[in-house]
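Have a look at these structures, which come just after this line.
Shared between the two complexes below is chain A, which pairs with chain B and chain C, respectively.
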Partner chain A sequence: MRKLLFLAAFAFCILHFAFCNDARAVKVEIKSTPEKGYKLIVDGQPFLVKGVVYHPVPPGSDYNYDFWQDLDAIDKDAKLLKEAGFNVVRLYVPSPDLEKTKKVIRQFYKNGIYTVMGHWVGFWNYPCPFYGDEKFREEVKKEVLEMVEALKDEEGLLMWILGNENNYSFSGKVNPWPCPQADAIEDPSQKICKKAEIYYSLMNDISKGIKEIDQGHPVALGNGELITLDIAAKYAKDVDLLALIFYRGKRFGNIFNSVKSIFDKPVLIAEMGCDAYDAYRNKEDQDIQAEFLLFQWLDIYKNTFERIPEGNCLGGIIFEWNDEWWKYNPSDSCRWVYHDTLGGWSNGSYYFDIKVSRNLNMNEEWFGITAFSKDEEGTFLKKPRKAYYVLRDFFASPQKFLEDE
Partner chain B sequence: MNKPVKSKVKSQKSKAVKHKNNSGFFFKALSLGFLLLLGTVFFAPLRAQELDKLEASSEKNIERAEELFSKLKKWQDEKDWENFFTFRDSYEEEVERLAAQIKEPQHLRLKAEYLLFRLKEFLGKKSKKDIFESFLSQVSAIKSATPKTLSFLKTAISELSAEPKRDIKRKLSSLYIKILKSSGSEYFLKSEAESFYLNEDLDNFVVLSKACLSLIEDKNQLKRNILNLIGRTSCDGFNQQCAPYFAEELFDKLDKDFDFSLNEDLLYIRGYNLERAFEYERALKIYEEFLKAYPGSLLFDEVALRSGFIYMYKLKDFDKAKIYFNKVAKRNTHAAEQLEIINKDQALSEFDYSQRAFWDFLSQEETCADGVLQVEARPFKAFIGEKIEIKSTSFLPETGCLAPEGLFLWSGDLGEVKITTNVPAFFTSFKKEGFKVLSLAERIPKGILGADAALINIYGLDISFKDDKDKNITFEAVIEPSLPEALLGFSWRIEKDNMMIAEVQERQFSRSFERSGDYALDLSIFFLGREIYTQRVPLVVK
Partner chain C sequence: MKRILILLLISGIVSLGYAQEDKKFDVYTDGNSPSNHYAPSGWMGDVGDLSLDDQNMEEPASGATCIKIVYSGKRTQGRAWAGIYWQSPPNNWGNRKGGFDLTGFNKLVFKARGQNGTEVINKVKVGGMGLGTEVAFPDSGEKEAGPIQLTSTWQEYSVNLAGLDLSYISGGFCVMFSADQTVGGATVYLDDIYYLFDPTLEPESMKIGFPFYVYADGSSLDNHYIPSGYMGDFGDVRINVNYKGSAYSGSSCMKVVYTAEGTQGARWSGIYWQNPVNNWGSRDGGFDLSGATKLTFWAKGENGGERIEEFKMGGIMGEYSDSDSAGIGPVVLTKDWKQYTIDLRGKDLSYVIGGFCWTTNADVNPEGATFYLDEIKYEGQ
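Presenting the complex of A and B:
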């Protein structure tokens, strides 16, 4: 009898380990609070997203660089992130090899870092995204659902983001795409509205498709600024939250209030930040980057469920973890080994260097909170900038900073 | 009976007691004195030692505070954030504890430096306010205006210049100026004033210059300084920065304190300065004085034209304007043209739309709400071909807000620019010398918001060479129309093969050239000591 009992227990243990060692997705959900705010719940606990956009392209390479295979480097980054109090990385798109993607998610999760997984939803397809075409729409949806199917059970997965700043294309000025239904309209603003309708309806459809196969992770709609969000409110009702991109300078102003009135969904600031280069004085400025980021985070904290006033912010993701030296001129590979200091676009909210010639003050290659520097052997290493440490202090005791405000 | 014995004994006793008492008192006093002496001998050095110790520990405190503070600054400068953030809190606590014990005036600067360092941290409003107030009080306690202190304060002003709250920088600047003024050193004040001038901070330059003038006792020196300052702060039309009210104060001072009679050049400058400061009535008085005092002056025509221009375009007094234009109409086409307009000799139907709008407003045929419109040229005086920026600013009366949405109807001498009607500002240049009048009327849906005109002086520079047979060349620079001669300066530089051959400071000079060949001739023109124009001319000596 004893032998039997022992055997049964042994078999149970074997079975238990056999099944339970597989990846078990953590349940992620969004709940609204009595004060009418929102909070993200991960594995039963409230969770504030403190993330970075992760795209570790080293100097000399561009977006084609396969960072997915370098798990040691990812591990080092994950430890640094954890030390500073970050808990999320955002990946714009998975690797074509989804198994590699899984390994990266797991590597981060080992260090307590969750992954927000995105998809371009065909935006960068050649020659352009044909969002009005049924066949194109089906293909994009299929691609996204394949990704979801493959990755949904990963423990370290936090949520999905559909698209990024794709809505900037509705005006035709950025990555324009043809669409007979919209092109037939003469009025330019109506044309934009039509394209928005076509695009957001696809996002809604994809979102519904995701939820059929994955009920454990929220689906976010990526959107640049508040542009056409009113149309998204009509045609993308089924998304769980908004992953918005804002470059409003040092503070966010009234965006949380605006989002609440336009499209009352929880908000994740999916891109925010400040470049560490003063284009006017022509020198690196780590101080101003740290200052801007700190005040951006203060605004985020003030609008979370704990603190209200709007209570609709689930957290933020800084653009970005490291500098990317290919961004000023993606087509000129000779320049990828240089850290270009010319600004590529203009934004007056970053007032400290707006007086530069032609007001081109945004230095796309300098947004990292870690910078690349060469060691004695000429290898590029990541060195945290001041912003990293300032945020480390902030995440450690945000109340101290909030009270001082 | 032994009564007397008893009393004797008593009295003896009491004497003895008295004696005893007296001796006791004496001994007590002696002991006390001895103790005091002992104390002085032993304890005074001890006290001194204690004081020395305190002083030594105070010095040590200061050294330690400086050491920790220097480390923090070094890590910050080297961007060694790992060390900086690891040790910052504990070091700051220690420095604050040590700094709190510093009382010596000579070390107040350390405290102030440390507080400035803290001000640059990303502090919340409360902390920043507290620290800044501490910082200001430390700075206020610094009485001595040593070079180190002043340099520190200047650095502080510059480092806090990015502060969004202007009153922080303003308070610090006031303290700095106060300390400077208290220095009582003319040399100090002058050199600091110069520094402000170079940084284009004319407000503080004026404050310090006034303080400097108040220290000069010698009347001749004071007069020289006043004249020098007039030259530097008057609006002369070429300079972008000027302090016209201060310049006028100085002219007034010359008038009242020195009974100084202005020559034609200075009188012209005074009038022009007032004109640039929009003090039209006062400017006209000065111009009138000029015209009476210097009828033969080369500047007579310009002053008459200016007077007419002010009466016509700024004060809308056409009758008075005619008086002045008539003085010069026979030799000046501009004056003649203005008279034609006033006399309506030029048919209004010949005006284009913009000119008509302007004239209707000027003659009050059409008005609107009392909007304010101002036209400005930068600079008001230039040479042929130089770029001039023409700007307009207009305000709505009911809101006081800028009104950039109107239809901008430019007319008159606009130079080489090709513009449409919808620009509030543009760049232009002129091909011919002379006086240029350009005007603007801004039309909004309700009517004409406002109108204004600008009178611009365009100068031509003629460099002539006259050579005789012996390779002796005479160079001469002539400027048309005239500028006040005594206020002009010329600097010629002759180069051959990138090497300087000669440098001359005259309007006209002669030189012989032994070698033939190509030379380069650079001429710089100065007005009131400032360079206003340069021209390079190739020279071939045969």
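Presenting the complex of A and C:
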């Protein structure tokens, strides 16, 4: 009888592991060095994030495209990424169906690619994010914690990012939101500060909430440039790192030291890049994209703890894996099947084409390190650009490139 | 015989040594001298404000003639500056081949005097022709010096070129004047302009002392940056850098008028103070301002309530990028002068080509804005 019971228990265990798809999270943590540098540790090993923003919207679709079910396409992308030496994808937001999200994370992880999971934290809620409203704050926090609860045990999960460039809204220039506490202030600079306090305190509250249910993954604050970071230093002390989003051209200058002096947390460059279109000469320019991205990665490597003891950079994430043809004019669906060559905004750091009319040199639809091209049957396929191969060589032997600098 | 050979050898070495030290390459000696290698053909800026006589006989420093330049400062073309390049071949702005390989020289020497002894040459330059542009034959290097306050007697001046790539120079010499530094015009004389090898010369290290002015007064020799970087709706902006109406300090301040008309359709405007002029990061220049802890300036609005979106320093990106940037804003100006401070602690100021900048837009100033700036300076501890 005892033997039978034992056999039954053994069979149950076998069946459980065979058919139950439960994952077990890998421990991810940040450690500081004696010289006040920082390193990311994944499963006990130092880990440098080498990532891409992943938003595989094909021509003809916009951001509503449901890519979560394309597991075969995701598998192909993951293999290409792995071949080039990338180890991370960043998703801006999970699918509303969290089960689908789990499958995507697992598909990447099967290929050795970790997922950085983001959340808009209500930034694009209709009609606008009421960050000063208590009820809104509770709803946003609840939504984020539901995501964390559902995904925290995924082996392929690396970290959470709260927000993207939400801080650009404090000035009212991007996605403005009403806030009686701030709107009563006359001085525009003080008004921005007040909104920053309100927003960052919410991020801090959510961060603390995440840590109550998930001690295995760091929480990052997504922030555009260093704007209002001094206020984040006071009101978002409980986030673990800064996920910095910026477009400073070929080199990053003193940004890592600046972060250290303002907001002494480790830095993940969560968005950086270069478009592959020369708006001034009106032609695709894969060479300049490859050159800029290579120099950006050199700056990342030079600011890691492995290169300098006080290094505070945990890695970088390129914007982005593939072109997105809907971005020039999201409201005009007829244009989504065309690869627009008109610049949408101006940035002098990308000086090679800044002389274009009205200085609109940034081609939002051309940031991919893969481009869409049609096969013989008219199906769009992703074709790596030169930057992909240059970075593949760089990741294979970074020391050689660093020595050549 | 052996002794004679040794003597010959020694004398040969000595003469070779003299030849090296005497190595000389003329830009201008006398008006019709066949040894002149460059022609004063490259006129720039307010060309109507300039006249030049390169065979002037009023007390030359040497020989029979010198160069006389009269600059009226009337801003005939509205630029508030004017200059002349000595070019090879004449009228070559880098689109034709014809420069010289001056490798081996390390110093430019010239003599100058003013008619009254109060004249100011804004700057003199070597090279720089076509640099930062897409011409076929740009100069290999650029060096500038100035401002230079002249006296009424001939003085010798020199520009240290040690370390500069002189392998291709089509702009052999350049002299520039600023209307803001030359109130009432200037008559200056130049003579004996040449390149030389000086074996004692070392590459210059720029020593900066604080306060280091971006702008002190309209005609101050302490001004180190030029408000040349117009951005956005550049047609909406007028600036008078020598406004005498209501200076905070000294004899003048800067008056800025922003009309918010959207002339270029951008609906915003701004100006960078750059070094060298018009440098958007395509050329070497700027200053090492390491040691500065803050940038301070005084500002006021015509009526009070004018809003500036940002005051900043640095942030110009290119092949020669600013090493960092810092800023404040938005700032609503008051009707009275008020001092503002940009904190520079923790910043890398080792390379600053964009010394100061402001931007604003039509949304926050729908009727435009008139404002004043003065005493813009970097300060140390």
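Note that in this section the second predicted complex is superposed on the first by the 382 of 405 C-alpha atoms of A that agree within 3 Å, B and C clash if a C-alpha of one lies under 4 Å from a C-alpha of the other, contacts with A are read in each partner's own complex, and residues count from 1 in each chain.
Criterion: contacts are C-beta pairs under 8 Å (C-beta built on N, C-alpha and C of every residue); 3 or more make two chains touch, one makes a residue touch a chain.
Here the structure is a predicted model, which means the values were calculated and not measured.
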(request) Superpose on chain A as described above, then tell me if chain B and chain C fit or clash. (result) clash
(request) Tell me which partner A:S61 touches in the superposition: chain B (first), chain C (second), both or neither. (result) neither
(request) With the two complexes superposed on chain A, say which partner A:L294 touches: chain B (first), chain C (second), both, or neither. (result) first
(request) Could you look at A:R358 and tell me whether it touches chain B, chain C, both or neither (first, second, both, neither)? (result) second
(request) Considering only touches as defined above, state whether A:N257 meets chain B (first), chain C (second), both or neither. (result) second
(request) Identify the overlap between the chain B-contacting and the chain C-contacting residues of chain A. (result) none
(request) Please name which positions on chain A make contact with chain B in the complex. (result) 286-287, 290-291, 294-295, 352, 384-386, 388-390, 392-393, 401, 403-405
(message) With touch defined as at the start, can you tell me which chain A residues reach chain C in the complex?
(response) 171, 187-189, 192, 248-251, 253-254, 257-258, 260-262, 348-349, 351, 354, 358
(message) Looking at the complex, which residues from chain B come into contact with chain A?
(response) 79, 81-82, 84-85, 120, 122-127, 162
(message) Residue numbers of chain C touching chain A in their complex, please.
(response) 264-266, 280-282, 307, 316-319, 321-324, 328-332, 345-348, 364
